[in-house]
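Look for chain A in each of the two complexes below; its partner is chain B in the first and chain C in the second.
This part shows the complex of A and B:
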C-alpha cells in the first residue's frame, strides 16, 4: 500500500473527463448556439484531466510505487488442449506507476494546451464540434493506453488512438490528399499492428507454459504483480527463438506507430491534418506510444539480446534516414515532421541499448519542444496562409512571440544547452556509448545518431531563417502577417518555458523518481563531458552552416550544377520508398485482385454456368423450367420439397437398409 | 415446465401468418411480433443460467429447455419433434431476434406488397430459429429448407434487374447442398445404427467404438460440403455475390446476417459435434478451404466496384475465419467461431443496410462513380464508417474480441500459419479504407440533386445494429459467458 493509493484509485478520471467531453461535444456540439461553446467544454474537461494527471504524478514523485486496480473481466476464455490448458481471463484495469504518471503529465499537459490553442487556431473551420469530439476521444484512448495494466488492453487503446489519428488526419476530408493520407497512415500502422498482435500471441503462449508463467496467465497477463514486474524472474533470463520473434513483433508494432524505418512513410503525409493535431498526436503523444510500448515491454516482458540489436539498428538508422529528408524539404510542417521521426529514432535507440528510462526522458522533453515547434509553425501558417518556407520570410518583425518560441524549440531540438533537448539527447548518446564496448555492432548506429545532431541543427535553423529572417515575404501575394491571438500565444509561452526547463526536472530529487533507474539524470563524468562537447559542437556546426546558407547574409548557396543536386532529388522523392509502396499497393496487390476477380468470374463461376448450360441444353424440360414466372418457380420449389420428402421417408431408408443392412 | 421453445416458434409462426393476412398494416404486426419475440429471447437468456454440464468429452451433451414428442414412429424409423438449446444456439437466436427487429424497422416504408414482404422476413427468421433449436434430423432439415423459400421469393420478386437469374442460382446452389447434407445426415444415422433421428441418439451412436473412422471421415466431408456451400466456402461461393447484388436490402441483411450462420451452426452442431473423428482426420482439407476462403474473399473485395459485392466478398473472408476457428477444434476456437458469427451478422447487416441506402439515395452503388457523399449524407457516412471499422476488426467494436479469440485459437493449434489470416487483416483494412476514401471523402462529384440523408426508419434500423456493435464490443462478456455455458466447454 502506497501513501497515495486513495489518489491513484481515481486515475480512471483522467480518461473519463475527456470521454464526457467526447459525448457532450460529439452528440450535442452541433446544436449549441456557437460552435466554440463545444470547444470550451472540451477544453475545460481536458483541463480537469490534466489536473488529476498532475496530482497523480506528484503522488508518484513523492512516493513511487505501483498501484493496480483490476476491475473488469473483459473476456473469460475457455482452456484448450495445447497451451492454455486451464483457460484464462483477460482483465481490464488501471496501472499507476512512475512511468505511467510521467506519461499522464505529457499527454494531458500537451493535450490541454493544444485544445486551448485550437480555440483560436480552428476558429474559422467548419465542423468544430467534430474536431473537438475527435480530439477528446483521442485523449480518452491515449490516457487509457498509458494506464493499461496488460498487453491486450494496451493493444486495444493502441488501435483506438490509431483510429482517432485516422479521423483527424482526414479532418479536411473533402481534400483528396487528406483522405489519402488518412488511409495511408491507418494502413501502414496496421501492418505494424497485426504483427504486434502476433507478438501478443507469442508472449501469451510462451510464458503461459513456462515456469513462472502459469500465474501470469491466471492473472490475465498483467504487467505487474504488486510492486514488481509479473515476469520479474523471467525478464532477461528467458531466451528462446519464440521470445526473440515476439520482441521483434513488438518492434514492428512500435515502428508502425512511431514511424520508424521502414514504416515511416505515413508520418510526413499525416501533416495533411490540422497543425494542432500534428502537434498533439503526431509529435508529442501518439507517435511516442511506440516508444512507450518498447519501454513497457523491456521493463515487464524483456527483450533478448538479438531484439536489442534490432531495436538499436532501427532506431539509429531512422535518426539519420529521416533527418536527411528534412534537409531539403520546403514545407515547414514536413520539416518538423521529419525531425519527429528522427527524434523518435533516438528514443528507440536508447531503449534498444537497454536504457528504457533514458528513452522515456527524451520522450518527455521532446513532447514539449516538438509540440512547441508545431504550434509555432501553426502560428506562422495561421498568419501567412501557406506552409511553403520559400514563400515566407521576415516574420520576426510582425510575430515576436512566435519567432522566439520557434527559436527556443529549435535550440532545444538541436541539443544546445541549457535547453531541454540537450539533457535528454545527451543522455541518449552517452548511454548508447557506454554499451558499444560490450556490443561493437552498436557502433554504426551510434555514429548515425551523432551525425544526425549536425543535420538536425542545420535543417531546423534553415527553416527558422527562411521563415523569420529577411526583409519580408518572398511571395508578395501573402497576407500581411500579424501575431497570433492570446489563446495561441499562451500555449506557445508555456511550452517555451517547458522546452527551456523540462530537461532539468530530472535533476530535481523527487521528480527523478518518475524516471527510476539507469542513467537518469546523467552523471557527467569525463567521458560524458567529452561526448557532450562533441554533440554540442556538432549542433553549433549545423546551426552555423544553416546561418551561412540561409541566414540574412547568405554567405553561400549550393550552385545549381553542384554534384550534390541529384541527391536532392532523391531526398525530395523520399528515397522512392513511398513510390515503391504505392506501386506495391496499387499495382501488385490491386493487380492481383483484378486477376483473381477475372478467375472468379470466368473460371470458377464460368464452370458453374457451363454446367448449367449443359444441363438446360440436355433436356427441354430444363429450359421450360426457366419460364421466368415466379409462380412456376414456386411450383418447382414445392415439388422439389415433396420429392425430397418422398425420398426422405421412403426411398432413403430403403436404400440405406439395402446398402448398409440396417 | 413451460415449453418455451415451442412458444418461441409459435410466436413467429402466428406472427408470420397474421402478417401475411394483414394487408397494409403488416408492418405493425411484424414489428409487434419482433418485439414480443425479442423479449421472449431475453427471457430465455435470463432463464438459461447454466449449461447442465456433461460427464466427459464423449458423454451426450445436455440441452436446456428441451422438449421431445414422438412424431413419426415406424418400426424402422423414429422421427421426433425434439428441440433444445445450448449457449451456441442461444447466441444465434439472439442474433436472429435483433436482426429481425432491425430489418423490420429499416424496411418500414416498403410499399411493394408490404404484407408479403414482412411475412417473408418473419418466415426467414422462423426458419432460422427452427434450425437453431431443432435436435432431430428431419425437423432440422424442414426448417433448413424453410429458410430457402422466403429468400428465393425475396430475391426473385423484390430484387434488382437480374433477380431471376440470381434467385434461381441461389436456390439451385443451396438446394443441391441441402440434398447432399440431408443424405449425409441420414447416412450418419443409418450407418451408425442410431436408435432414432434425435441428436442425442445419433451422438451416442457415432461416438460408439464400432463406428469406422473411414466412414466418419467420408461422411464428415459430405456434411462439410453441404454446410460449406452456405458459408460459403471457396470455390462454391459464386452464388453469394450475385444473390446479394440482386437481393433487396432487407433480403441481403437476412441472407448475410442469418442464412450464412445456418452453415456455421450446422457445421458445429451436426458435423463437428457428431463426427469429431471425421474432422480430426480431414482437418487439413478444412484448413485449406478456410485459408483459401480467407485469402480469396479479402483479395477479391479489393477490386469490386459494387458496394454490395464488396461486402459480399468480405463475408466470404469473415466466414472463412469462422471456418478456421471451427476447424482448429478447441473450446477457444468454437467460442471464437460463434462470437464471430454473431459479430458478422450484425456488422454485415449494417453494411448491407448502408449499401442499400446509398443506392436509394445516390442512385448507384458503384464505388467508382460515388465521390464524397459525406456532406450530403453525414449520418449515412457515419454508419458506413462504423460498419467498415467494425468489419476490419477495430477494438471496442464487436468483431475484435471474436477475431482475437479466433486468431489466438489458430495460433494455439497451427502456430505460425496464423500469419496468413493476420496479414489478410491488412488487406481487409485496405479495401474498407480505400472504399471510404473514394465513397465518403474527397470533393463531392456526381451527387444527384435529389440525394438525401437517411430517413428516420433507416436511421433507427441501423442505430439498433450500431448500438449492438459498440455494446458487445466494449462488453463482450455478455455473449462469451453464454457461449461458454455450453458443450463448447467440453471441447479439448
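This part shows the complex of A and C:
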C-alpha cells in the first residue's frame, strides 16, 4: 500500500479525458463558431490525460514493482458444462504496472504534442471536428489498450485502435488512394487480428479446465491474480505444441499491427493520411501496440523456445527488409515509414531474444525520435506542399528549427551517441548478441540487424541532405518555404529534447523501475563496447556514404546501364509483395468468389427454384381440371367409378394371384 | 337356378345405370340431366328390391325399407334440383349446364 494507491485505482481517468473530448468535439464540434475551438478542446483534454499519465508513471517509478488492478466483473458464468467447469468471467478493468505506466507516458506525451501540432498543421483542412474527434477516440482506445488488465479487454481496444487508424488513414476520403490505403490497412491488420483471436481461443482451450494456470482463462484472462502478477508462470518453459501455436498466433497479431514481415505492406500506404496521424498512430503508438502485445505476453504468460525463435526471425528479417526499401524511395514520409517498420523489427527482435524490457526501452525512445521525424517531415510538407524529396532542397536556410529537429531525429535513428536511439538500439544488439548461443539461427538475424544500422543511417541522411542541403528547390514551381508557426515548432523542440535525452532516462534508477527486467539499463562490458563501436562505426559509415552521394545538394543518379538497376526496380516495386497480394486478392480470391457465386446461383438457388417451378406447373395442371362445368365433374366421377371397377374385378385378383395369396 | 334369375335382374339394373350415366355425361339441359340421374338412382333402388326378394328373414324387409327411403331421397333431390333449375333460369335465362361454369357472376 503506497502513497499512490488511490491514483493507481483512478487510472481510468487517463482514457476518460480524451473520451470527453471525443464526445464534445464529435457531437458538438460542427456547431462551434470556429473549427479550431474543437481542436483546442481536444488539446486541453489530451493535456489533462498526459498530466495524469505522467503522475501515474512518477508514482510507479517511486514504488517499484507495484501492480494495481482495479476491475469490474462484467459477466460471471457459473461452471456447469464440461468446457466451463471452472466457470467463466468477463472483466473490464485497469492494471497499473511498470510497463503500462511507461506506455502511458509515451502515448500521452506524443498524443498531446501531436494534437497541439495539428492545430497549425491541419488549419486549412476541411472536416476538422471529425479529425479531432477521431484522434481523441484513438487516444481513448490506445490508453485503454495500455491499461487493459486482461487479454480480452486488450483485444477489444486493439480492434478499436485499428478502427481509428482506418478512419484517420482515410481522412482525405475523397482521394481514392487514401480510401484504398485505409481499406488495405484495415484488411491486412485484420489477418493478424483474426489469428490473434484464434490464439486467445487456444489459450482458453488450454487453460479453461486444466494446465499449469488452471482457472486463468476462467477468471477472464486477467494478467494478475488480484495484485499479484503471473509473470510468466503460466507458460513458463513448458513446450506444449498448443502453447507454441498460441504464441505464434500472438506473434501474427503483433506482426499485423506492427507491420512486420509479411504483413508490412499496409504501413507505407498508410502515409496517405495526414502527417500528424502518421506521427502519432503509425510511428509512436498504434504500431507499437504489436510490440507491446509481445511484451505483455512474454512478461505475464511467457513464450516457448520455438515461439522465441520465430519472433527473432520475424523481427530480425523485418529490420533489413524494410530498411532496404527505404534506400530508394523518394517520398519523405514513406522513407520514414519504412524506417518505422525496420525499427519495430528491432523491438520484436529484442522481445524474441528474451529481453522484453529492452524491446520496450527501444519502443520508448523510438516513439519520441520517430514522432519527431514525422512532425519535421510534416513541417517540410506544410512549407513546400510536396512529399517528393527530389523536388525539395535548400530548406535549411528558411527552416532552421525543422532542419535541426530532423537532424536530431536522424542522428537518434542512426544510433549515434549520445542521442536516444543509440542507447536503446545498442542495448537491443547487445542483448541479442548475448543470446546467439541459444540457437544457430540467431546469428543471421543478428547480422541483419547490424547491417540495418548502416542502411538506416544512409537512407535517413539521404533524405535529410536531399531536403535541406543545396542552394534551393530543384523544382522551381515550389513555393518559397517559411518556418512553421509556433504550435508546430513547440512540439518539434520538445521532441528534439526528448530524442536527445530519452535514452539516458534508463540510467536513472527510479525510471529504470518502469522497465523491470534483464538488460535495462544497458551495461557496458568489453564485448558490449566492441559491439557499440561496431554499430556506431556502421552508423557513421552510412552517414558518410549519404554525404558523399547526396550532400551539398548533390543528387546521385544510378546510371541507366548499371547492373544495380534491376535491384533498384525490385526495391521500388517493394519486392513485388504488394503486387502478389493484389494478384491474390483480385485473381485467386475473386475467382473463388465467382465459383462460390456460381454454386449459389445455379446449384442452390437452382434447386430451390426448380422445386418451386415443378409445383407451380403441377398446380397449373390441376387448376385446368377445375372447369366449373357440371358435366366434366360427372365425367371424373364416372371415370373414377370405372377405374374402381376395373381395379376390383381385374387388377386386384391378378395381384392376389401373382403374389401367391389365397 | 335362382343365381341365374338374379343375374338377369342385375343385368336390367346395370342397363338402367348405363343409360342413366350416358344421360348424365351427354345431356347439357339441366332437366334432362335430372331425369338421367333419376334413372341411375332407380337402378340402385331395383337392386335393393331384388336382393330383398332373394334374402330370407328380417333382411328382406330391411331391403324393401331401404328402397322406399331411397325413393324418398330421390324425390327430395329432384325437388332441390328443380329449385336450382328455376333459380338458374331466372338468373341467366338459360338452363344449359355447360354455360353455368362459375358459382357467381
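One rule holds for everything that comes next: the second predicted complex is superposed on the first by the 568 of 662 C-alpha atoms of A that agree within 3 Å, B and C clash if a C-alpha of one lies under 4 Å from a C-alpha of the other, contacts with A are read in each partner's own complex, and residues count from 1 in each chain.
FYI, a residue touches a chain if its C-beta (ideal position, glycine included) is under 8 Å from a C-beta of that chain, and two chains touch if they have at least 3 such contacts.
Computed from a prediction, not measured in an experiment: that's the story for all the values here.
By the document's definition of touching, neither partner reaches A:548: not chain B, not chain C. A count of residues in chain A touched by chain B and by chain C gives the higher number to B. Where the contact sets of chain A with chain B and with chain C meet, they give residues 628, 630, 634.
Residues of chain A that touch chain C in their complex: 627-631, 634-635, 638.
Here chain B touches chain A in the complex through residues 72, 76-77, 138, 141, 145, 148-149, 152-153, 156-157, 164, 167-168, 171-172, 175, 179, 182-183, 186-187, 190-191, 193, 234-235, 237-238, 296, 299-304, 330-333, 335, 372, 374-375, 389, 394-396, 400-401, 404-405, 407-409, 411-413, 418-419, 422-423, 425-427, 429-430, 433-434, 436-437, 440-444, 475-477, 480-481, 484, 488-489, 491-492, going by the rule given at the top. By the touch rule above, chain A contacts chain B in their complex via residues 73-84, 87, 152, 155-157, 159-160, 163, 170, 173-176, 178-180, 182-183, 186-187, 190-191, 194-195, 197-198, 201, 204-205, 585, 589-590, 592-594, 596-597, 600, 604-605, 608, 612, 626, 628, 630, 633-634, 637, 640-641, 644, 648-649, 652-653, 656-657, 660, 662.
Taken together, the chain C residues at the contact with chain A in this complex read 21, 24-25, 27-28, 33, 97-98, 100-103.
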